[in-house]
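Two complexes, one shared chain (chain A), two partners (chain B, chain C).
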Partner chain A sequence: MAEVQLQKITKRFGRTTALADIDLTISDGEYLVVLGPSGAGKTTLLRTVAGLLEPDRGSVRMAGRDVTRLPPDEREVAYLPQTYALFQRMTVWENTTFSPSVKGWATRDRDTLAREMLSMVHLIDRGESYPRELSGGMQQRCALARALAADAEVLLLDEPLRALDARLRIELRSELRDLIRHVGTTTIHVTHDQEEALMMADRIAILRAGKLLEVGPTEAVYSRPSTPFVANFLGEMNFFEAVSYPAEGGGVRLAAGGTNLHAPERRDLDGRVMAGIRAEDCGIMPEDWRAGQGVEGIVQRRLFMGRRISLEVRAGDLGVLKVKPLTAQAKWAREGDPVFVVLPAEHILLFPIPPGGIEAALEVE
Partner chain B sequence: MEAQATPLAAAGAAATARGGRPVWQSRLLEIVSRRATLRLWYAFVIGFFMVLVLLPTLYVLGYVVSGWQVIQDVVLTDPALLDPIGPALFLSFGVAITVAAIDLVAGLPLAWLLVRYEFRGKDWLNTLIDSPLAVTTAGLGFSVVLFWGIPFDPIAKPLGALGITADPFLMLMFLHLTTTFPYMVRSLAAILEEIEIEYENAARAAGASRLTAVRTITLPMFRAGMATGLILVIAKALSDTGGAFLALSLVNDPSRPVWNGTALINDWKNQVSGNPALAHLNQALALVSALMIILSLVLLVALKYLTLKVHIPLRRVWPSWERRLSQGAPPTVKNVAAFVFLGLMILLPSFFFLLYVFVGRPTVATDWGRFGSAVGVSFLVGGIATAIDLAVGVPMALFITRGRLRRLGQALDALVNVPYIVPSAALGISLALFWGAQRWIIPSDLVLVILAHVAFTFPFVVRNVVGALEQLDPALEETARTLGAKPIQAFRRVTFASVRPAILAGSIMAFTRSVGETGATVSVVGNRIETVPVLIVNLIRDQKDYYSAAIAQIALLVVSFAVILGVRYAVRGRRSHG
Partner chain C sequence: MPRIEAVQVSKRFGPITALEKCDVTIEDGEYLSILGPSGCGKTTLVKILSGLWTPTEGRVLVDGRDVTDLPVEDRDLGYVFQNIVLFPHLDVWRNATYGPWVHARPTAQVDGVGREVLELVEMLDQRGMFPRELSGGAQQKVALARALANKAKFLVLDEPLSALDTRVRLELRYALRRVVKDLGLTAVHVTHDQEEAMSVADRVVVMRKGQILESGRPEDLYDHPRRVFTANFIGENNFLEGSVRRVVGAWAFVEFRNGYQLRVPSTGLLVGDAVVIAARPEWLTLIKDAFGNAIPGRVEARRFLGAMQRFLIRLFTYDLIAVDLPTSQRLNIGTDVIVSFPEANILVYPRPILGLQEALKLE
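Up next, the complex of A and B:
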């Protein structure tokens, strides 16, 4: 196990900067998820740690040792690529014992470790099978057993669940998380799936266009994101411009269009701000009930999603608000209905006005 | 960290108890895994290719330029030397281009059938199409003349011989259809396999007739395959010496012989090596070789450019005509015609010599000792050349696909084709000149022949392995590396297993090509070393012993098949054991 430190890592491919000045420390035994849209540089970051790419600038340290120029086989990392890269001409057992064999371990130690790993991923009975004979989930677990059997200090997972069916993907999240927590290896896991990231990470790092936007404990990043991009990437947001004033009894008062709203204070901001609230945090009631703070509007679009309903409500000066209430609370709402959208003060987030406009601030590419 | 009853503790215990591998092995592994070792090996491989393959192949160009004065005095002033050159070049290139065009038209329907249809006996059809490759081109030369030709000196003819022409152009054309057709069908089928049938289905669902869909959608995606096929065919037709020389010498009037480029080289080289007084022929040989090398390189570059860059304006659609041609009789007629072509133009002429055994008589007693030693030399040369191809070609393929110097890799990827494209008889002349010019090392005749065979078989191994490596997911090797494998371990345990079929295919192609080669052997050392194809040519030319030649060809066929089947079996056997 080891602490991993990335210092000022920069990597360019031709004219595009894949990674720009990345500083990131992953502590011993931590499970860090790097979240970002495709093309953000996630895989490049992982390959740099693995030693498959050399950074143009900056250094990679593991357990205090500078490994920037070391080849992958001298780094004590185990890399699990998106496609798993299981060796097709080897059995599950041969795949799992690959790393100990090439490192020249004694047969007995090798076998003990491999058996242990295979029982852990419930594949001990499939040792003689070839990868193509396994289901997608089994292949994933086999690749994990192989990686863990490398006895590496750092585990690098590149979209480990991507190739699986939606349902299995969700089931394996907790299983994978438990296994790795059990072993206690320092892990860097990259994904573009924010739900997966939120569920699995101790800490989360948000990467966009090669830049590290934010790093922190999962729940803190989710509830207090530092930029509109991060907020929106972790869950669909409504944004509207507002003017904030100090309010009596703490917090701020927001004037947005014709509406007055309370919001938690953000000391560094004053005057014009960009306010945001997640679609899932908005409530909805029939127009004549109205309780708490909010705005009136007309339902323009209604999509049934199962547990929740997705509504688009035209709300005067605030524009179109996306609202995703639980189905049980909003199944009465129909297109054309006048409604009251509840905007609870504690869920309102404030940001500085982005210089290039909100559209540019949210752009994924 | 606390010791807990977790897998982690077990892992830790295992980690401390390493030592399953003897020290000397670890040490060796460490040395071969150093970057410096790897670089040294790559440098050796590239150096080998440049100095021992590419440089000797192109040496004659420099020789002709620097010795232009001598060539002017000796060759350009002597009509006996100058006059045959122009017609010979015309014959070589004219036949090669004609044959390539016919192969393309006839090969398409067969490739189509092989890829898009499932039918009983498909494996047999595959084998049949490849089968002429098993006969040496010298054997094919004899066989084709026996079937189509009117020999100058009458030969006993088996029943069914057509005997319709003695025209050199037609004779060579018939010959090279048999030597090249398998290459064309193979290349077209390989690309067709890659093209998803869904494109065609989408076009047909949108209302296009089958012919329209194929012509406008599939064929344009096909250019790479056509380019490869055309290049292989032209190179093979230009290169062939034994077949062309035999076929032409059988139909030629000895007082007014007509040769193509390689046969001319072969004829002159034979004269020189038998009679040192004719040394001035060496200048003419250099000139012909240089011209053939330059023309073939120019032709092939032009061909590549034409097939890949020039767009054929075939966007127009004639719905009713094309629909009518897509249904009923026309497709059947097309398929029947393809099979008739295969049978009449390729298979029958290729194996017609087998029948000669029944009508022919040995003019002199078959010299089995001479035959045995020729087989020995053929297999020795082919075996060593293939082994060298593997030792140097596989690392070179790795460098081309995986090396860090992309530019150099791409350049090598293109250069490696040069010895294949260059006619092997011209290559042999060049190689002999190169080594003849060395003061300090003059390799023995056998080494020279092996070096020449390495030069023109080397591309087979490199091409095949590069193709397989490009298909292979690089993540496999990368993952192996992060799991702790040294580069050589990653290659041996992961990459090698995946490219083994390609390595095998490449070696079989290299070996059979070497065993069937006449031109390079003769043009390097004249008649001093006799391989089986050289023996076949000599038997027919010097002794008119067609019977022994046919027997020698049949015996070589049997032995080659046995060797190839044996190698296949050995490799497959090991594979099934894990």
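Up next, the complex of A and C:
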């Protein structure tokens, strides 16, 4: 097991800067998820750690040793690319034992390790199968068993669940996380899927256009994001401009047009602010109930999503609010219904007004 | 506006049966989604419905007329594929109006249709751009516009959103449904994504291993799935195996390991029946005392879900279940808790003959 340190990593392809001055430390045994939209530089980052790409500037250290100029096979890393890259002419067993064999392990040790890894990924009875005979989910698990059997100190996972069916993806999230926690390998996992990131990460790093925007423990980044982009990328946000005043008894009072709301204090901000609240943190009730703070509005769109209902509510001064309550709490709501949208003070986030406007601050591409 | 019907269609490839005696009807003006895991036969079924493939057995009817042997080009339908298929050297306008242009419609008519369909997908402003200048989501909108430009009344959407990033996918769902409803089309939409199926469609057909398991309105399928596979495939669920101890009126008492019991709705259950009960993580709550429909357990792990948190709780029946609670609730690992099962919501199924795991398998 090993700590991984990236220091001032910069990588350019022609005129494009794929990674700009990345400083990032992943502790021994930690599971870090790098989250960002397509083209943010996530795969480049992984390939740099793996040794498949050499950075233009900066260094990569593993367990204190500078490995920047070392080829991939001299680094203690296992890299699982998006496409799995299983050996098609080898069976599941041969794929899994490949790496220990190459390293010259004794047959008995090798077999014990391979059996253990294949049992963990529930493929022990498919050892004789070839990759083409397996479903997508099985191939993914086989690739994972092979990566784990390499017994590397660092595991690099590039969108490991992307090619799978939606439902299987949900199931494998927990399995994969438990498995790696059990083995204790230092892991860097990149994905564009925020739910996957939140559920699996010890710490989360947000990458956008080659820049590292924020790194921190998952819950801290989720509940106190530093920028509107980070907030929105971790869960669909509503933003509205407001003027903030200190409120009696702590916190601030926000005035947005004729709407007045309470919010937690942010010492560094006063006057005009960009306020935001996640769609999942907004509540909804019939218009004549109104409890707590919020705004009146009319439901414009309704989409049933199973566990939650996704609503768009036209709410006067605050514009169109996206509201995603649990289905049990909002089954009654129909398009055209007058409603009261609850905006709990503790879930309101405040940011400085972005200089280029909120649209540009949120842009993913 | 057509009504499309497949009657007892089967499709075999050599020794492999991809589709086994499927019956499905898409009503006039209905948006139907076909949902299932990879390899379940959903793509085969839609290719037969659209005429790209002929079934080995069975018939396809459009408004009661047998079209089984009618090739796809003679059918009145628009097709949108998973892999975005646009002409790279044509701009948005020429891509969208390709159909009417090839059919040598009068210029005024081509212009009218082009405007109409590009306005519908909100791409008229980008009419001069080329596919490579557009994001994946925008390209798929143009592909949709092109399918609509043929003025077909039956729209076939074959995993239309699967190649796109999560965020874009969410945005396009609503656009798809709106366009289909605004134009009053009959549509069939194939997907493996249960949330997508539920949010776009009037009705969802669930498939597994070449067969149709059940179909229903999205909210009914979520709240009252008739098959145990559906209960797991759509949304998430906790399953407990037990046997019926007593039946009292509309309720049955099911006993689990260690003698714990839950009261569940009884629909024709008999004492001694082996059953599986299911309850979704967001339906469960923690209560202070053991009165009520509850089983005690101990918190084993916690997972962060963003707006909610998930506790994995080992019940004293030895079953490990997931309970989703608001993030405001504090609970330490190792704490003893009592999990309350809302009796009216609990789903009850006969225990599958080949075992629960086999019945839930996704692949």
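Keep this in mind: the second predicted complex is superposed on the first by the 365 of 365 C-alpha atoms of A that agree within 3 Å, B and C clash if a C-alpha of one lies under 4 Å from a C-alpha of the other, contacts with A are read in each partner's own complex, and residues count from 1 in each chain.
In this section, a contact is a pair of C-beta atoms (placed from the backbone, for glycine too) under 8 Å apart; a residue touches a chain by one contact, two chains touch by 3 or more.
Since this is a predicted model, take the numbers as computed values, not measurements.
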| item | value |
| --- | --- |
| First, second, both or neither for A:Ala360, with chain B first and chain C second | neither |
| Partner chain in contact with A:Val102 - chain B first, chain C second, else both or neither | first |
| Which superposed partner A:Met120 touches (first chain B, second chain C, both, neither) | first |
| Which of chain B and chain C A:His192 touches, first, second, both or neither | second |
| First (chain B), second (chain C), both or neither touched by A:Gly136 | second |
| Which of chain B and chain C A:Ala255 touches, first, second, both or neither | neither |
| First (chain B), second (chain C), both or neither touched by A:Thr327 | second |
| Residues on chain A engaged by chain B in the complex (per definition of touch) | 1, 47, 50-52, 71-73, 75, 77-83, 85, 87-90, 98-100, 102-110, 112-113, 116-117, 120, 146-152, 156, 182-184 |
| Contact set on chain C toward chain A in their complex | 37-39, 135, 165-167, 173-174, 177, 192-196, 198-199, 218-219, 222, 233-236, 280, 282-283, 303-308, 362-363 |
| In the complex with chain A, residue positions of chain B that touch it | 1, 6-8, 10-15, 17-21, 25-26, 29, 33, 473, 475-476, 478-486, 489, 493-494, 497-498 |
| Touching residues (chain side chain A, partner chain C) in the complex | 37-38, 135-138, 165-168, 170-171, 174, 192-195, 198-199, 218-219, 222, 234-235, 278, 280-281, 301, 303-307, 310, 326-328, 331, 364-365 |
